[in-house]
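Naming follows writing order (A, B, C and D), and every chain is counted from residue 1.
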Amino acid sequence: MNARKVAVLGATGVVGQRFLRLLDGHPWFRVAEVVASDTRRGKPYGEAVQWLDRGDPQDAVRDLELKGPDDDLDADLVFSALPSGTAGPLERSLAARGFAVFTNAADLRMEEDVPIVVPEVNPEHLSLAEDQRVRNAGGGFVVANGNCTAILLSLALKPLRDRFGLRACHVVTLQALSGAGYPGVPGLDALGNVLPYIPQEEGKVESEPQKILGTAQEGRIVRASFPLSATCMRVPVLEGHTEAVTVRLEEEASADEIRETLRAFRGRPQALGLPSAPRAPLVYRDEADRPQPRRDGPEGGGMTVAVGRLRPDPILGWKFVVAGSNTVRGAAGGSILTAELALASGLLS
Amino acid sequence: MNARKVAVLGATGVVGQRFLRLLDGHPWFRVAEVVASDTRRGKPYGEAVQWLDRGDPQDAVRDLELKGPDDDLDADLVFSALPSGTAGPLERSLAARGFAVFTNAADLRMEEDVPIVVPEVNPEHLSLAEDQRVRNAGGGFVVANGNCTAILLSLALKPLRDRFGLRACHVVTLQALSGAGYPGVPGLDALGNVLPYIPQEEGKVESEPQKILGTAQEGRIVRASFPLSATCMRVPVLEGHTEAVTVRLEEEASADEIRETLRAFRGRPQALGLPSAPRAPLVYRDEADRPQPRRDGPEGGGMTVAVGRLRPDPILGWKFVVAGSNTVRGAAGGSILTAELALASGLLS
Amino acid sequence: MNARKVAVLGATGVVGQRFLRLLDGHPWFRVAEVVASDTRRGKPYGEAVQWLDRGDPQDAVRDLELKGPDDDLDADLVFSALPSGTAGPLERSLAARGFAVFTNAADLRMEEDVPIVVPEVNPEHLSLAEDQRVRNAGGGFVVANGNCTAILLSLALKPLRDRFGLRACHVVTLQALSGAGYPGVPGLDALGNVLPYIPQEEGKVESEPQKILGTAQEGRIVRASFPLSATCMRVPVLEGHTEAVTVRLEEEASADEIRETLRAFRGRPQALGLPSAPRAPLVYRDEADRPQPRRDGPEGGGMTVAVGRLRPDPILGWKFVVAGSNTVRGAAGGSILTAELALASGLLS
Amino acid sequence: MNARKVAVLGATGVVGQRFLRLLDGHPWFRVAEVVASDTRRGKPYGEAVQWLDRGDPQDAVRDLELKGPDDDLDADLVFSALPSGTAGPLERSLAARGFAVFTNAADLRMEEDVPIVVPEVNPEHLSLAEDQRVRNAGGGFVVANGNCTAILLSLALKPLRDRFGLRACHVVTLQALSGAGYPGVPGLDALGNVLPYIPQEEGKVESEPQKILGTAQEGRIVRASFPLSATCMRVPVLEGHTEAVTVRLEEEASADEIRETLRAFRGRPQALGLPSAPRAPLVYRDEADRPQPRRDGPEGGGMTVAVGRLRPDPILGWKFVVAGSNTVRGAAGGSILTAELALASGLLS
């Protein structure tokens, strides 16, 4: 199979840079176009970008000329790392032009025809993309990935809900600075401090998991109906979100059963052997003081979510801690895995 | 009134140093004795201590000669900043020798005859100290203050429970490094990371508030019976704990009523005008991104606890965020305020 | 003496906020006017400001209505915390209108008629303000304080130069985030990192000390002529600059003589007992691992500079480490002390 | 070629863990033995270690049984990550038993018969190991790598000294926490602070580079004689040292010539294509705000040292900034590259 040509929108931002890093040497995808706002149009990527990751952008990308959002794109599919607000209209328009768009932006996530796909959790939601293809003259579509926190949480909840049922979920998050983009949180606010509020975050975390864990029926998603409470905080961590999760399950479960269920969880990406699929989407750590975002976030190349500290909860039943990479599994890596799933499912032919 | 002579036990540790700082210039108490382990006995305090706070120890203390735990103490009362394990037996023995001991250590907190006093919350629990005085030949007694997290939480829960009743409380804490003592958490673990576990902390936070909010009856405390769930984490903050609190109240309450109740809260220290009493034990902050430990921890000299972000919770009813100083209100300052209350109540005569 | 009415320009920025904090309860000065850019004009200060310091602005200032830069000001003197670029023209115009302006901005520092005053170092440079008064119809003038790093360095160099002569000085600085203003350095750049460059900083540090240590002659400053090399870096510290200083002295000196010289240093503010004058402008710390910015920056209320680690240098002769508060001694506190000196010297009558 | 069997001494410490990580999948070396203090002897490595790096130790090592220092070792060569003090005698004894020992410890570095090898700088110093082989009955020897800071500095100085001559060097370092081992620097000291002192560090940095840059003559090293001044500080960075370097060169040089000289530098590891050799030992970065330890430390897998900010220095002539990985190039990676060089040079046959 020849590598598919890929365009990355919002290529100069934090998430865009992560897309480029993860696509470097990808066996199925090759970055052919980098797109940014019109002000940088025409410049070589390597000159226009303020590279925030370690080292430098890879050679193959450095010399690509930045295109504007309305330019012709020589690409088979599009990854969007656009900021909220500008993302939605542009992504719709690209779909109308026939592109398969995999977006990390929040704008269209809750639109009825757009699925939020976490490949191990709800691969069948890609059927909504099929429906879009039919409606869009050019056969384009938009598939979203979720909010970073919602993705990590959905992965941990999925096997528990499947096996024991899920009545309620309460989560308090300790989120990394990289989730806020660049320049993002000022150092004077972040250093040695906790910011107990992230604009618009709790609303996303309290609504996206129910859609992700919902059922695709007649071209739309019937949402899972459990109540979900989120408190989202920013902590002085560079990369990796931590979530203190409390759940009420429908059925009785022992700690051993829960741990076993989390450890045994595999999804379609593992079955298909997709290039970005980790060996397991979840690991359960037995150490008393894990998972930690700095040490467990990079697990599985950032695609594995770590769970630990399972204990009975006197109010809701069970509580545990989740940590994972917000920029890989929770953003660029999640979109890429979804695109791999779409390609393997015949959606990109 | 002449200043009472005070001995500080564990004077060279993190909490001991905070005691000394707070007692510097205190109108009622004067540091007359500093006590440490036998290995440092006989040295001038200023030479023996590795001073961790800013600047230097105050002049009046620098030249005091360190005593050992079994030495005679020329003191009217004792503040204990001893580490757990050694604290309990020594404090009992000092009480038997006739000393009024105000301890920050955990060892005796859950003993039936020892009250955990948070002066604005349960000043009437000092009656257990009266009972101890009767039993101890020399008229000594031990009064504990609570775990730092439990103190801050109890202060926030007290007015809500009094007005609306409290059915359940769920808390996730983001605790500062200073709570772990010195050397405490290695920099390699702390920097840019979250440690999702603090040894023995959750047990304290899940049991002390019910005792603090309990009722003194016939020489013992009948504990409040609401379920309390705690998840305690360490974050790279120097000073100031943050708590994400969710509560189920017994009665209906509006957001305005809750805020008003928190803001109106005053206790006996305010009524008595005790030297270390802040104007109000709680402040409610209306800003979306407050309270923050670094900015709100120092409120009221570290004796005021800040609350904010009150929102409905889809599972338990209400949620909010608490931040306060773990070393002042949650440790040394709390003990000092309790001693002031005891003195003003005639317990030290 | 009645308190002089003071206007603070740039009152909503990081340095402006520090001015307000330091002027709270000042015995000689009372904040009567707060001035910001026109966009915030007319709003109460407490509403317009994003308060970055702990707690809240003091009550007396919270309700003051923000004025614009061209409004009439009911003030006896002006403190300027304006950003570079806008500061210079506005300060000149205020001086022309008759105001005594004490500025923290860099714009006019190297102007021939404007002195950079560090009160313990060069109080006699205030004579240039006298000259300005004569020239300005209204009797106004501008006095600058130096760059934060330059102020701390000049204080450490002054007594050494006076006693031993100074042939050359090499300094590498580790500067705090608060020096960059707000929002300043992004958290993603600052956390767990060193930024080896601060725009325009090295130029200031390599030129201002020679002016500060120069000689006032015939209405201008003849600069000291020693070569000075500066490398300025940003480190993840909130407050307090550290400087690794190497010097070549003209005369032989022993370590004891140097330490003694630093410790004995006093200036006119100490002689006059100015309200903001610390007991000593310098302290020398004997501990191997001091001075540290977090622990020694607050020394003397932030007005004392700490020196330590004096050792022979195999190339230039001597090296030592300096740490001090960049926002107090290095900014707002320095300007206030200069204004106190000016008042005590009869310049504000 | 079959992979050589390797023993790692001090395998449970910070540097030992880094050795294991870097040796995972190494084409020439296979970890066959892990050695720790006697207290852990007999336990599987995976149980005995408190793994500090991300994720987990590699499978191949997890199940190895820890040996004690006096046990028989089935190994062709030994990497030592022992702490100072215990390292020296044990390494001498292993050499006497016939082992080729590549050590990261400081104990033997300044011994006359032990070379400090930085493979791109002084590969010819391996001749001292040849001499040791002759003397040791079993043909064993000890080769040291330098102090982390000294290694990075020597790499930057080598091409400049070769081309322009070096009269003097002054360096101020900002060193990462990982250099202090584990538990190392307490979080309470490190967070938001600078520690201006690292025990015994300056002595090493002021003496090792002259040996590294010296000349092997008649079985010993004649040291380079330029004066070197070091001030070593600890900053809140996890990994990656930064060095502010000032040099006096013997000959005139232009900035372009210096940059070109740094960029063109290659050594024997590059010529031989050793497995751990980076493409170039140095990179020069043109951005105003680079190199940064967090972003440039990982360059070349941690084996490339980044240089930037070249500017004239008014006292010594030139100044620049160096950043590199203290745990890879400055420790374990440096030793491994030296062992590769020794193998390629026939020293291990």
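The rule we apply is simple: a contact is a pair of C-beta atoms (placed from the backbone, for glycine too) under 8 Å apart; a residue touches a chain by one contact, two chains touch by 3 or more.
These numbers were taken from a predicted model, which means no experiment stands behind them.
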Note, CA centroid farthest from subunit B's centroid sits on chain D
Chain-centre distance (mean CA atoms) for subunit A and subunit B, in whole Å, is 42
Cα centroid separation, subunit A vs subunit D, in Å, comes to 39
Distance in whole angstrom between the CA centres of subunit A and subunit C is 48
Going by residue number, subunit D touches two or more other chains at 52, 191-192, 236, 238, 294-295
Among line, ring, star, complete and other, the chain contact graph is complete
Per the touch rule above, subunit C residues touching subunit A in the complex are 14, 52, 177-178, 180, 182-192, 236, 238
Note: in the complex, subunit D contacts subunit C through residues 168, 170, 172, 174, 192-197, 199, 206, 227-229, 231, 233, 235-238, 242, 244, 246, 288-295, 308-309, 313-316, 319, 321, 323
In their shared complex, subunit C is touched by residues of subunit B numbered 52-55, 191-192, 294-299
